[in-house]
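By letter and in written order, the chains are A, B, C, D and E; residue numbering begins at 1 in each of them.
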């Protein structure tokens, strides 16, 4: 060590660890781990407390809790099928409207929009995302629902006569508070959610893939179907599922515009009810098994969300394996 | 604490006439949390506003969450007193013996409607029951026409609006139907009933009023005060004596005359006899605890309820409620002394 | 490994344009007249490419000769890819990109008003730096171009023909249904070549097609290029001088030069027959580059 | 030509004009592009209508008085304001953020810096995703049946707890995402200088990701500020400002909107619109600040 | 640009270890005994590096000599970076990575139980392929290592000294508060070098430090390396043979070989004095590589 004047201590001793360094590292890791574990704890607590609260209803009703269509608190009969149906139909309507529109917007933003339009368009979507759902509910109940009645009537008059399909366009309810209104409000609510994820998904399609399609003489649309979509399938399913989750869980906006009827009907212009809105509107005035049943609806909703997510993940994984091959 | 209460009362209540009572309320201080029935909400809020004038140090919050929630909060100790239109049953929350009923006011429950082109509607109990059971589906149904000779009724669909949540108003309304149309009405009575599928729910009395107002062909039951304040039209109901009577304070007062008062001060003025009686008249109560651990709280509750039963009664007609008959008022005041 | 001489057997019956002729306007660029060459399929005259206001490449003139492999070499950022992408109007896709000067294809102005870039790209195919098969099956990868272009005939036969042409058929014929992404890098790149030749282009542009591959896969692609040059005209960008020397008939050397305003522009320094460029470059900068004195 | 058989036939006289593209392909392309553009219009129209409704009806209501005055205790009564709800929204959401942000960031550090692809980390990640999907009403039920019933009182803090539970997984995942964007080279550079991992994380990784984290956090706060269901459940109601989160009931703008929206009385509906406008502005401020931070201080791409 | 000869003036007073001695155990690898060299600061004996079960590099033995620049060259994937990173235990950070064989540093086993990798890295610094300054000010970038290592003394002076040592001081002295990311690529890389030398390491490892830089910036870094070699021992991985030839005193050539089971392993083929390796390689594979016959 002649020229190494800077090297302080003799390296032989210097290489072993000094002071509390490794312990500080350890404590920090434990701290972060604890924060991470909190998620597990809270989630477990949610499941345990809600299931425990709901237990009287579950044990009383058994499977009929989700298969029976009769919600009769005075008789202590709690069959929530109508609300499950309501949640499903309303979410379905929301997806039917929101998915194509969101994908369209996302494609517009990633593939079509001239750069100077991109910024404003993104801002518009962000604005839409910034509107809290309760505001959509307010707008829905005070402005939209009454205005939609004549529109529904027109649809009923025009399509109501068609066999089978006509039943979907049944007699509209006089207040306009219906599955359809709730579905539309939800669609507007989830468009920014699906759009922003779809946009990210499309953005990750490698430039090279798009170039490859275009270099083969594809039109823009052919490029989108040939190069963009195959790459985005998994991501898009994820986006749709996230939107679906939000739609299924949305409480206030739906509660305000769905009309609170306990019925299963193909007529999308009829009023109905969905799980979260039943909970929020009835739990205050409930007690005993009734309360348990309402909490039980929450548990069922939660489980449904998880199941749908898991199923979607499985679908995505399989599709991705097929598309990308086992290697990638 | 409420230091200097006496001094405050002299200056603070200079404008009020009943100086003896005023000084009594002026001593009260703190916060009172209350929740419950939406039916008397308009009245209670009126009283609270006036009460602030005589008891400036006491803040009363009444939260019109509905009778059922009020009772539950009461049972869970989440409020200091509860408002309820219905009596307490097992599982409602409060345990028997831990509370007292104090009747405060009574009021009609209107059957409000929104039919374009129709201003006046008469309904007999049977027709009413059929409508709310959706046995009758359109406004030009023969049964309705029979109750309304000379009125042209449209073919509009009937939209029945009821309370989405458990409610004392529902309880009283369905109790009336059980009493007045025993052969027709199948849905029994209760805070919640098993409404037919195509009926619609809305929250609180004013939510029902809103939904009726928005819906051509809508009909529902709404407390008198909210119905009037929102400008709804309401039907004349055929009473026990066979007369069609419109909801009014007078009709209610008449109903109260005939009502029998139970030991615990609950009473039932529904479907009462008398030619001028409005038959769907409902009482409303405040639930107070028999014992309050906090003395200041006890005094506050007692003071506020006493105010309702005394000066407060004169406010009732202003917001379309009927004051209690004197006999009942005396008994209610006596009830307050049982609070420890 | 032997450097092939420019193929004399591919000379066509077209009149050989003397690229040294004064009318060519290639100015300062030293252009060598090869003893034998294909007719120019494409021709660049004083081509500059801009990205917005930035002139990435300045005044490039050179011919692309039929059934010959033309290589473009030069240090990073000198505009090789930019020029290559302007040959099939891929630069149209970059917002703000603009081409000045004239690029002709069979005498037709590539940037004329009524020219549809989609038709251009169908005829002038492209193979990219990183193998980029679509996330579809091998078959669908090759069939894609056929389908969108509505090319008639037996799909399967055409796919087989293209895969055979890309020297990949034997390796994949038993697994046409598996994903193109499941292949090795070299196979993927040959799949991309198959995809390109399936639509029967006229010219194939390749932008560093081997830079992501190992030496063995690179060797295979290079062999394939010789094969393809019998049928197609090829332009290849490469960083690897050895590769340019091995495969190409003509080589153009680009470099980036700083102008008075301290802005870097790509410039074509020298275009000539490959053998000549590597053994006897006219320009000092070319010599410095190929002898490894910079880069 | 050397090989006339395989030579593409069109090469000699290639038709490069637009007409060469088949009609079917041209129409399909045009139609698709038009529909795609239309999608944006479809989204803009309802947004415009909502904004118009809220601005026109809420705008006439809003005043300093409206933003600060107590809430009238009767829905029918005109005048007054929603001051307590504005304060409630700010302090409840603020408290929720105070709880969720440190926990969320620490959790994300665990996931990205320590757990990575370990089974436990994957499990936490998956559970965080599930927790993100917990409907807000269920979160309300959860806090109600644990906190509210345990302490026998609705309070602002109960609301803050519910909002914190809703924010936590969102913050964890968005922060993890941001940490993932920090190039590994930075960590390695720090480690190669002899820094310990925790120091590397605190002094290099977090600062490098801070803008992304901040913007993710602000978006989570914005979303929480608009949550209604749990607030309606566990916060209770008050008509006077309650600065104390731990004692006494509270209120927030979403709850005011919800309650007033289902009222028949004009003054109540006006308060709903006014509250809606106020809430949107609050949420928008958070969102815009988030965007500015994200754009201005983004990790510089190299 | 001229290739420097191995610097004779840096020979230390330590006994020169004859690396041709039979005890060295470098087996098949042909090792040349240079006429003059520094004492080995580090020594690799039969080092293999595993990623999980995969043996990325197999049996590598070579010395790292004091105040000399040792270059590692070879085709992509042959394990140059892997070996380099095992020299300061950066591979510890890769889950599943494991080192077999023995690496000594001043005679001490680098992988002994009681050795703290933090201390190792503080003494054996590293400069990476892509310039990676922290997103902090120039000053803070350099000060960072000083702060975390609790090095005493005037912070500003030490930062200035490091920046001067990295030949960057004059260019940045007026903007120490600006972000390190605002510098050009070459300046960034010199900033990274300044950051590394600020903590006064003994050895500096560089993994393709110029591959992201233009020729001018590369030139500056190369000059800087010569300067640094006066004080530090340097190991550099490079793809660019010319660079290895230009800057290093010793060069080791790696390649990837396929074993019986068709698994590729990196192997050290030849280690010798740079001049010898490039002009007169012992191994056929080295010759093929440096003459451009593959890679």
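Basically, a contact is a pair of C-beta atoms (placed from the backbone, for glycine too) under 8 Å apart; a residue touches a chain by one contact, two chains touch by 3 or more.
If you're wondering where the values come from, they're calculated on a predicted model, not measured in any experiment.
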Topological distance between chain B and chain E, in contact steps: 2
Chain-chain pair with the highest tally of contacting C-beta pairs: A-D
Farthest chain (mean CA position) relative to chain E: B
CA centroid of chain D to CA centroid of chain E, Å: 47
Chain centre separation in whole Å, for chain B relative to chain A (CA means): 41
Chain B and chain C: spacing of chain centres that average the CA atoms, whole Å: 87
For chain C, residues that touch 2 or more chains besides their own: 118-119, 123, 148
Contacts with 2+ other chains: residues of chain D: 21, 25, 196, 262
Residues of chain A touching at least two other chains: 21-22, 219, 222
Partner chain E, residues of chain A touching it in the complex: 2-4, 6-8, 11-12, 14-18, 21-22
Of chain D, residues touching chain C in the complex: 1-3, 6-8, 10-18, 20-22, 24-25
Interfacial residue positions of chain D with respect to chain B in the complex: 73-77, 148-149, 152-154, 236-240, 248-249, 262-265, 268
Chain A contact footprint on chain E (complex, rising order): 10, 12-13, 67, 105-108, 110, 114-116, 118-120, 123, 200, 202, 230-231
Residues of chain A that touch chain B when the two form their complex: 70-75, 82, 145-146, 171, 173-177, 259-265, 270-271, 273, 281-282, 284-288, 290
